[in-house]
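Below is one structure, written out as structure tokens, with a few remarks after it.
Read from first to last, the chains carry the letters A, B, C, D, E and F; within each, the first residue is number 1.
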Amino acid sequence: MLIHLSSWPEIDARLKTTKTVVVPIGSNEQHGPTGLLGTDWMCPEIIAHAAEKQDGSLVVAPTFNIGMAQHHLAFAGTISLRPSTFMAAITDWVSSLSRHGFERIYFLNGHGGNVATIEATFAEIYAEWSFVEEQPPFVLKLKNWWDLPGVHSLCNQLFPKGHGMHATPSEIAVTQAAYPDHIKTADYSPQIAPTGPIRDALDYRARFPDGRIGSDPALASPEHGRTIIAAAVPALLKDVADFANEVLPEV
Amino acid sequence: MLIHLSSWPEIDARLKTTKTVVVPIGSNEQHGPTGLLGTDWMCPEIIAHAAEKQDGSLVVAPTFNIGMAQHHLAFAGTISLRPSTFMAAITDWVSSLSRHGFERIYFLNGHGGNVATIEATFAEIYAEWSFVEEQPPFVLKLKNWWDLPGVHSLCNQLFPKGHGMHATPSEIAVTQAAYPDHIKTADYSPQIAPTGPIRDALDYRARFPDGRIGSDPALASPEHGRTIIAAAVPALLKDVADFANEVLPEV
Amino acid sequence: MLIHLSSWPEIDARLKTTKTVVVPIGSNEQHGPTGLLGTDWMCPEIIAHAAEKQDGSLVVAPTFNIGMAQHHLAFAGTISLRPSTFMAAITDWVSSLSRHGFERIYFLNGHGGNVATIEATFAEIYAEWSFVEEQPPFVLKLKNWWDLPGVHSLCNQLFPKGHGMHATPSEIAVTQAAYPDHIKTADYSPQIAPTGPIRDALDYRARFPDGRIGSDPALASPEHGRTIIAAAVPALLKDVADFANEVLPEV
Amino acid sequence: MLIHLSSWPEIDARLKTTKTVVVPIGSNEQHGPTGLLGTDWMCPEIIAHAAEKQDGSLVVAPTFNIGMAQHHLAFAGTISLRPSTFMAAITDWVSSLSRHGFERIYFLNGHGGNVATIEATFAEIYAEWSFVEEQPPFVLKLKNWWDLPGVHSLCNQLFPKGHGMHATPSEIAVTQAAYPDHIKTADYSPQIAPTGPIRDALDYRARFPDGRIGSDPALASPEHGRTIIAAAVPALLKDVADFANEVLPEV
Amino acid sequence: MLIHLSSWPEIDARLKTTKTVVVPIGSNEQHGPTGLLGTDWMCPEIIAHAAEKQDGSLVVAPTFNIGMAQHHLAFAGTISLRPSTFMAAITDWVSSLSRHGFERIYFLNGHGGNVATIEATFAEIYAEWSFVEEQPPFVLKLKNWWDLPGVHSLCNQLFPKGHGMHATPSEIAVTQAAYPDHIKTADYSPQIAPTGPIRDALDYRARFPDGRIGSDPALASPEHGRTIIAAAVPALLKDVADFANEVLPEV
Amino acid sequence: MLIHLSSWPEIDARLKTTKTVVVPIGSNEQHGPTGLLGTDWMCPEIIAHAAEKQDGSLVVAPTFNIGMAQHHLAFAGTISLRPSTFMAAITDWVSSLSRHGFERIYFLNGHGGNVATIEATFAEIYAEWSFVEEQPPFVLKLKNWWDLPGVHSLCNQLFPKGHGMHATPSEIAVTQAAYPDHIKTADYSPQIAPTGPIRDALDYRARFPDGRIGSDPALASPEHGRTIIAAAVPALLKDVADFANEVLPEV
């Protein structure tokens, strides 16, 4: 059940039997010479929508498509929220979804650079309750799609060399599977990009001139993408089910 | 050129000849018993993407899909930002796009409830420059898709009665044209919804029990939607071109 | 009953029979070569105080005299709040007045540039309640004085040509009626000012060199001002009474 | 020169010879059984306007009429900004006035409860410059009207007993002089109000049931008010002149 | 009982008999050519810890060591919070301590520049309760250590000339008593520093080239420091006891 | 060189040869039945001060002693900042230290719960520069003391079983070494605490009734603490030196 393609009475009815919602969340940012700018929000969207197709009872929110990408801002097309803005926006999403009765809110994340801010946001949200000795009416969970059980090891197996950290062949493969008409090619030099620390945008561009970190996107193929999606979908469904069924302690 | 389906070098190259970008912006909120929750962000996305299909030189950003919908929060599936959050997020989008050299940023809006906050945000952004006697390196424009030349009169002509203000047959028709597999039906009672002031969420639901304001969505059809899109697309292309070509005064 | 000229026991007593308060709100900003900088906050103050003189039961708050005028900042004497500051301040006024039991808060506005931010503020205030499924203990209303029934048409009739959008003869006439010792004159060139979009302060000054938009203030006279006030006062009293008596839906 | 009764060209011209502006600032809050709610913003306004009448070269901004009065909120008619809102608003006033070339901004304050927040605001404003090793283009000064040279001793002499700290006979006398039609009387019990610490609103009302602190407002008379104003006006003019002429150190 | 050297069950047990906590609060900022940068947070810490040593039932929180020191930022080693940040942080300390049942929170302050912001923060905190007609579950108190009964007069007696306002011999003496290994000397020129207004950092450094205001730190000695501490400790214990035992009015 | 025990001329002189500063940062929060509430800020302080003792050229700032501990708030003595407050405070520390010429700011962290917010803060700080195509004049680094080369493996070797995640024997041992007079004992039940997810404060207390996660603090001894400190000190000195000497890319 994709929220944006449903009517409110449909969601209302669905809430009678499930209290769990999945929010695909990512970033719109450069992904090297050939990766799509939307890669990091499209990957979790692709996986979540595929999961919903397989199990229509899964409730999937619209995709939170702009995240924390300040370090990529020296590359055209990147759009970033400041962490403080990102925190405010996630907070409002949670307030809205909780208002309707969603008690388990699962963020399927597609961007490593989002993790710190999302976790800080969870703490910011919980703090309001922790300061006043109340328990929030919801539980929040963050999961990167590549951390879904089995996915990371699959990616390593598919790309034993040149996977890297940004513009990885695995994420690019996923988008190639879903958007085969938008596959781009380039000569990579060096074939495997350098690695290093991530700081501000100008520092980033100086270290990683074409935007990649440690990766060789030439390894990606739509077929690889389909393999990854095929592994991620059941893993997501199981992970969400476990989260939905988790018994909370008595407080 | 859809930013999210492009690579950064492609956007970089495009920026050599255009400085204008279109941002579809809307809301995810109830649209009556049959309207899709995503209606208000999908309509500007549908129109902008159709325009880009017709003229590939149009640069379209990812869709800003969550807006200001506090009054709809009593209906399941609605997700709203507080105006202050919305303002921060739009500001960061503008900062990001301006960073890359976009000098004309055109928001194609799909939700009336967004207008006040978007306009307040423009003032907030401009104020930073106005206080220090500098001119911002960008110009901002807001246009509701139904205010594109010719569109409003077309909608009135298609739906002379029962158009209303929320969950209108015209917006529902646009989504029906684009998502024919998700057309929903219901018995509307009354056929044409009531009207009244818009305040907080509980007041809203008490006044407009099924969510509609003044509309009869049963009038919508995919065919109507195609007619509207067909009128909106050239109107958008012309309006964006006029904006791109507008000569600014010497300051 | 002007709050600032009353004691707290007087307001306390008045609250036993009325729950409605009028807040004159405006802006301190340039009004062309001859208009007073205080025009936009003095006009609603003049009208509200005249109404209170006629019907002493009307409760009028002190005037909220600084609003959102970023676009006028290139002209000396303009004082502007950023929209975010304006929102915080209005919120605190509402919290204060609500604290005392005012349940209907009516903002009589004198500045078009305030409208978007005031409406966004209403949404910001309501959102706190909408997120938690509660109804606020107050209803907020915004009315521009020129939108009081009959006033706009009267102004058009008095000034069929050259009314314009900023430093209009109607608002200048109202201040001339109230402050006859501060009538200023100048040669206007052109007689009717140009029109155009409103953006940042430097852009504004480049487009509208003497500050006016579309208006010919030479048309104003104290007599016109008295006519306008005479029409606005009963219209305000009736509009406030209607608001006070409006029956809210059961939530 | 009262800004709100001037045109922008008049202020522009005045800025050629003066860079100093006076901002009357106060609060709208209960002042005991008989004091006017506007006392604290009307007193500095009365004095500043009287000073301007005597020396038309004095530039006086509109009155900042709502300040920090959280402790008075249990009494009807009080309107308070949160300190954080107050800080934002003062900051915007300063930004606006500085934008026009005012380099010395003098706040004539009428409310003791404002002092801490105004001083914190000055530090907040200066901090932006101090962090980046720049000097602000303005100097800020806060002066309570009763601290103008000679005024405090005069008040003590006029009211050797029962002056107190809130709803003092001196401030009430000033308003009686200016608004003789709004003089109110009551039996005070006790004649001299109690004193104690100031905390939240409910605590305040429990300690000071009629709102006064340590004062006997029955001592006030319009004649006393005229005496105080007559002393304050030249003191203000001299204090502002000293501020305007103060030589800053070379940085 | 020093909180940071206790376990949570110890604090839990202590809360059964006391509801009062002392928070040493200060600033890390230049203190002239010889004063320690930590002077302003170490002085209240020294006094509070000495008091706790004498009466182990005193509950002392960790030291709040960074305050509002924007005016000292032109001297190396100074660390300052903006007032708005300082307010947020104090608010969170209060929320945390109140959460555990502390109902009387006593800030022992070591920096005059903190006073305005701390007082503004108290008002900000109280305002949340005052707006909604509730009483906070805590009372806040600010006391500068030199304002403890008897301390100020003692300092004046020890240093009848050259005490001054910043880098005073009394505060330096206190740190000399506690950190005898870190006593520094210098030739002061002039022996007694100048005085003047406090504004931004560059203005401050221009007025007070070595950082002192009005003081002659050469007068300080560890012996003086011991004398001051010996006077401050019982004064603090008594002041805290009075605060703990203060009976609040019925609201 | 400890900043708080230095004078500003000493720091000024030191800045001629080093541009690097170490900020011990932690949290004041429950550490199980026997751990000190100050554990998480005292550990990095202990290690940094020991390192400074060994190499006096190391510049160490005062300890940032309150961090993000919302999940521990159900245990007495815990003091937490909201993430948003924490971010503002860190930002001001960085602004202050950068103002003096520190170009490499190294945060030695003692609390796992701080990591996400500190990283989000770095991004918030960098974003200001990334949005405007400038490079910040500083580089920020976060290092947990247990992640210093060799330390983690040492801890695992010392405590092969029962190390756990909170109130670990290694951190408790470090405080025992430094504060031998404050060693506390208790019967732990179970001997090794349970593990689980970290959410809000009530959930935390329900899962971890005595505050520990996965640890057996009975394993700690002062001797172990000395061993750990002895390993951490040279590791810190080397890590800071590497950071100080790191060559940045040309931007």
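Operating definition for what follows: contacts are C-beta pairs under 8 Å (C-beta built on N, C-alpha and C of every residue); 3 or more make two chains touch, one makes a residue touch a chain.
Going by UniProt, the chains are A, B, C, D, E, F = Amidase.
Model, not experiment: these values are computed from the prediction.
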Kindly list the shared contact partners of subunit C and subunit D, in label order.
B, E
Over the chains that touch one another, what is the least number of steps taking subunit B to subunit E?
2
Taking each chain's centre as the mean of its Cα atoms, which chain lies farthest from subunit F?
C
Pair joined by the larger number of C-beta contacts - A-C, E-F
E-F
Cα rotation angle, subunit D onto subunit F, in degrees to the nearest 5, is 120
Could you tell me which of A-B, A-E or D-F has an interface matching C-D, in the sense that over half of the contact pairs are shared by residue number?
A-B
Whole-Å separation of chain centres (CA-atom averages), subunit D against subunit E:
30
For subunit A versus subunit D, what separation do you get between their C-alpha means, in angstrom?
54
Gap in Å, rounded to a whole number, between the CA centres of subunit F and subunit B:
47
Each of the following residues of subunit A touches two or more other chains, namely 73, 80, 82, 84, 96, 99, 130-131, 133
Pick one for the touching-chains graph, please: line, ring, star, complete, other.
other
Mind pulling up the subunit C residues that touch subunit A in the complex?
130-133
If you look only at subunit A, which of its residues touch subunit C in the complex?
95-96, 99
If we count contacts the way the header does, which residues on subunit C are in touch with subunit B in the complex?
68, 70-71, 73-74, 80, 82-84, 87, 113, 115-117, 119-124, 126-127, 129-131, 133-136, 139-140, 199-203, 205-207, 248-251
Quick one: in the complex, what on subunit A touches subunit B?
3-12, 15, 28, 30-38, 41-42, 61-66, 73, 75-82, 84-85, 88-89, 91-93, 96-97, 99-101, 179, 182, 184, 186, 211
